[in-house]
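Below, subunit A partners subunit B and then partners subunit C, in two separate complexes.
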Partner chain A sequence: MSLSTMPTTSETSEARATEPERPTTLRRLGSSFAMFRNPKSITGLVILGVFALVAILGDLIAPYGPLEKDFSALKQPPSAQHWLGTTHLGEDVFSQIIYGTRGVLVVGLVAGVLATFTAVVIGVAAGYLSGWRSESLSALTNVFLVIPGLPLIIIVASQYDDPSIVLISAVIAVTGWAWGARVLRAQTMSLRNRDFVQAAKANGERLWRIIAVEMLPNLTAIIASSFVGTVTAAVLGLTTLAFIGVIPITNLNWGTILFWAQQNGAFPDFWWWYVPAGLCIAILGTALSLVNFGIDEYVNPRLRSAGERARAMRKKGLSTASGVTAVRIAGKDGDDAAGTGRASSAGADGEGAARP
Partner chain B sequence: MRFLLRRLAFYAFTAWAAITINFFLPRMMKGDPITAYLQKHQSEFNPEAIDSLRTLFGLDSDASLLQQYLDYWRLLFSGDLGRSFSKGLAPVTEVIASALPWTLGLVGVATILSFLIGTGVGAFIGWRRGSRADYVVPFATFFSTVPYFWMGLIVIAIFSTRLGWFPASHAYDKGSSPEWSWDFIGQVIAHGTLPALTIVFASLGGWVLGMRNMMITVLDEDYVTVAEAKGLAPQRVMTRYAARNAVLPQLSSFALALGFIVGGTLVMELVFSYPGVGKLLLDATNAKDWPLMQGLFLVITLAVLVANILADIAHAMLDPRTRMMES
Partner chain C sequence: MTTLDFRNVTKRYRVRGSGDMLALDDVSFTLTSGQTIALVGQSGSGKSTIAKILTQLERATSGEVLLDGEPIPHRGPGLRRYRQRVRMVFQDPFASLNPYHTIRHHLERPLRLDKVVPADEVEDEVRALLTRVRLDPDATIDRRPHELSGGQRQRVAIARALASRPELLIADEPVSMLDVSIRLGVLNLLADLQRESNLGVLYITHDLATARHFSDEIMVLHHGVVVERGPADDVILRAQHEYTRALRGASPDPDKHFADPSGRAVTRS
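Up next is the complex of A and B:
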């Protein structure tokens, strides 16, 4: 299936390059979402969508309030009344998970947006500028990469008695932007000397226009991937902070559930109390990684074509381990030449798309 | 040589930045828990200790900021990080020194193991791409996103409480004290197995995926094609040509991921009650023991920095190009 999508993406980008007036706004918009148009990204986005719906419609879905106590049902295993059982105070674990989704997603989103914005500003500036300004921005990025984030967050968060959601997100963002900035800087530096940027410069385009119109569209995949990465890190950071009890328990999220479970001796017998929350974190993280893999395969088509080619080779009865390249196969059997030719042309197509 | 100087300048700059952040952290802090503590426990301190605490926490506001900063550096060079409130006013350096070996042993061994295993597995499934080995990928993805602490809790529940194979907490049996004897070393290994395994499994996925992707990218390079065409043994092509080049970006990300890994493993120590730096930091946080928190942050950052230098050296050893740039 990725074989069929590949030519489409390269065609649209070619069309955009040669005939700038033809593509409609809609098609242009469509092509900027091309990185999400593969099975992995779609799976990830669907899972994310489900979590987002749960977060938005939490009040409607949840059968009980998150702190609604039912003293007749303490530490009950899952049943028809309580799908995921109850806590030591008779609170419904399923409802807590649903309400907790909101806390996790809001912090993930806010931290992701803040960190990505910082990464884009600093990364693109460091890549576009040169000399000492670029060097100092890059040094700043490297310092933030080396400083361990979690201890810093713990220390800062512990200085406030009741840190707000925005503060927590901001601190997570401050420790999480550097990776994206580093990747963006590298990509911007390679874009800076491309012909189309030089041409725009020679035309006397203003700096902000060169950056916003010529460069940013070519950085979308990397920006998206660094956004997804920071959201993952923020979700893990938030739940970890909640679990160790640094952030207030009034902010209900999956980490808080685990905190209560740990504090009230849920381990190891009351599995329904601690397994679902951890699984939710892992599933959300997996969904985000899937989106990122999709973007990776879009940026680096070798990743996408490798599996396809190997499978095609095995169908013809060739060992994948020995046939690293198509060279051997073509020499082995004349009949296979057509098939290999197709496979390698797909690879060549992909390589063309690798340089957007 | 230029390369070496650049790296050295970078490390010096990062160390300076970390120490400066450490200097400003308590000065940005809301409120002033130190003065209250000092007044309450004035009799227990000697004047010298009070002076150093005032410098460390910016209470000597009659001095200029620059003077405070210089005093702070002077204290650091004399190895004075203040006194720990929650550990009976023991010097912070001593408290940290007693916890550091445990963390270095546990996190160091587990992280290196995880890197080696993950890179090996990643190289293999990258080599065998499109085969059944690809089924490892979804599992690796899932495990790389599981929070460390949750996996630790599950592992305790299964292997310690249910099966009773390993002790669930502490670094050695209660009642024994650190000594160089086989019995004690056995205890340390038994107690360290579960936390180490958890760290290895929780961080393995990232290395596997990173190495697999690099391997697939490298396998398309012309020099691999040439090696194949020359008829070299596949084993040799895989290790000497493909994996050796694929591992270089892996090493750089190892260095950069260390800060993140260290953060995750600190929480593991809480879960396993392991007497390392992470547990100390969380205890200090709960006890509002500012001098200890500040000192720990400094030590953790410098440790990550040292690990980065080691990764850099390994990179230079594997990649002749970096050495060429030096000369």
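Up next is the complex of A and C:
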């Protein structure tokens, strides 16, 4: 960085040039995750983190192998040896749950990524283009929107003897991208005619840059919410498929546990066999929904500004209930110099901007 | 000396179901560097359509736009070159800056796109631009638009338009979205910048008073037709067309303005 033209001495200009770098990158990163900075999202993310840890460290946590049989303990209720009891073959239910987490999360994640990617490409393109191209992409989205997901998955999955995890994810993604694409299309259409996009166009920016750099960052909250939504759908889809036996039992997940429990007459007496798996599905679904509620709060400007204002006031040590209008005082730190010139020093044009 | 010729331009919008809407009907004018033309008219009179055609966000239905005698290329490097020479300041500084990006980004992009300065001088140039529009570079460069006031944002937008060192500037109602108290500051800034770099400015507005003060020539647009044009004072003082007179009647009277007994400046509601 050459600062030769700066009128200040080299030392101060060095400090000036380097100092804003770090807070800026941090602030930039921070504001990209602003949608997760609320109690609901944080709760959801913490629960998801626990599940992710379990999935990653499954081999270390699980006391037994998932299919390790102990014929001396069949259909045993929870005990010190088997925390969540055993199955009809003496397999440890706790270990199965732990190993099953991996299958659920991997399929959820892969399906979520695939579906969100498709949704972004098709949705943003449909929103940005106009005329027949937009119409046909929109029609395609509508077709996938009305295709009943589960029957399609059953048909496709039953074509294969041993479908891989990626194939299962792909099929779930195919039926799950349309909703996100629809929402993104609408939002892109509204962004397309905003002045800042027009300004970028008038500056001669290339199309892909306008979409990737000017528009996509403004869509992150919607993309994130669409991702979380498809992950939820994928998890539920996968466990449903496993439960009804469409996915082979070699693919171990919570749904498979329910399948075996149902096959072997676990309902309703052997509760330790099926309740944990059901609870896990419910808790994971709740966590994902909490993240989505948090994003919703962020996207909805009304909820958002109320929350942000309250947080900002709490930071300054003011109570939201006291009804005091917060006035920032300029000069306290460099942070205030630009934004509040008006409040402190009314310049000649009443604006305080003229401080070269 | 740069000359922009807007020659017999007509623009029709196709409205679904109800035929065509004639936005501009055979409009012609010439803008040269160093000159300010005010384009006055009410909402829907076609002012912004002219701005859009000049920035090539829209194409004229018929007629042509010539820059130094050359028609504007519709695409490719020629169009980019044209856009580098003719820039626009948008009306609403709250909408024309991307809320996600910093001020640095907004000013860097045109510099990099048009390779105005070598890459290692971009930072200095951004700071110089901010200084030019009377903003403190240190206090603004890493901020985002929402952290600035309306007037500051519009200054950033003006800096962005100046970044590519244009010869002509289109200012589409640059102060109509700003507080009355800071309008004059922004307009004076525009006038100063125009003198400094000998810009040709097309000042689009619906405010006859500022049009008279800041421009050499006034064109009055009514329903897509130029109904009156001429030197600023002539148009205001000796308005020929009925519509211009109506416009003038809607403006505040300077004499009444300063004779206010309370001594405070009275502003139009």
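Going forward, the second predicted complex is superposed on the first by the 278 of 356 C-alpha atoms of A that agree within 3 Å, B and C clash if a C-alpha of one lies under 4 Å from a C-alpha of the other, contacts with A are read in each partner's own complex, and residues count from 1 in each chain.
Keep this in mind: a contact is a pair of C-beta atoms (placed from the backbone, for glycine too) under 8 Å apart; a residue touches a chain by one contact, two chains touch by 3 or more.
As the structure is a computational prediction, the values presented were derived from the model and not from experiment.
> Looking at the overlay, does A:N142 come into contact with subunit B only (first), subunit C only (second), both, or neither?
A:N142 sits against subunit B, while subunit C stays out of touch.
> Of subunit B and subunit C, which one contacts the greater number of residues in subunit A?
The partner with more contacted residues on subunit A is B.
> Could you say whether A:A199 touches subunit B, subunit C, both of them, or neither, answering first, second, both or neither?
second
> Which partner chains sit in contact with A:I222 here, subunit B, subunit C, both or neither? Use first/second/both/neither.
After superposing on A, A:I222 lies clear of both subunit B and subunit C.
> Find the residues of subunit A that appear in the contact set with subunit B and again in the contact set with subunit C.
347
> In the complex, go through subunit A and note every residue touching subunit C.
The contact residues of subunit A facing subunit C are 1-3, 5-6, 16-17, 20, 23-24, 28, 194-196, 198-205, 214, 217-218, 334, 337-339, 341-342, 347-351, 353-356.
> Which of the residues in subunit A end up touching subunit B in this complex?
139, 142-143, 145-152, 154-156, 158-160, 179, 232-233, 236-237, 239-240, 243-246, 258, 262, 267-268, 271, 274-275, 277-278, 281-282, 284-286, 288-290, 293, 296, 300, 302-303, 306-311, 313-314, 320-322, 324-325, 327-328, 347
> Under the touch definition given earlier, write down the residues of subunit B that touch subunit A in their complex.
Interface residues on subunit B, with respect to subunit A: 10, 13-14, 17-18, 21, 25, 29-30, 127-131, 134, 141-142, 144-151, 153-154, 156-158, 161-162, 213, 216-217, 219-220, 224-225, 228-229, 234, 237, 256, 258-260, 262-264, 266-267, 270, 281-282, 285-286, 288, 293-294, 296-297, 300-301, 304-305, 308.
> In the complex, go through subunit C and note every residue touching subunit A.
Subunit C residues touching subunit A: 55-57, 79-80, 83-84, 87-88, 90-92, 95-102, 109-110, 113-114, 120-121, 123-124, 127-128, 131, 134-136, 138-143, 147-149, 151-152, 155, 157, 160, 164, 179, 181-182, 184-186, 188.
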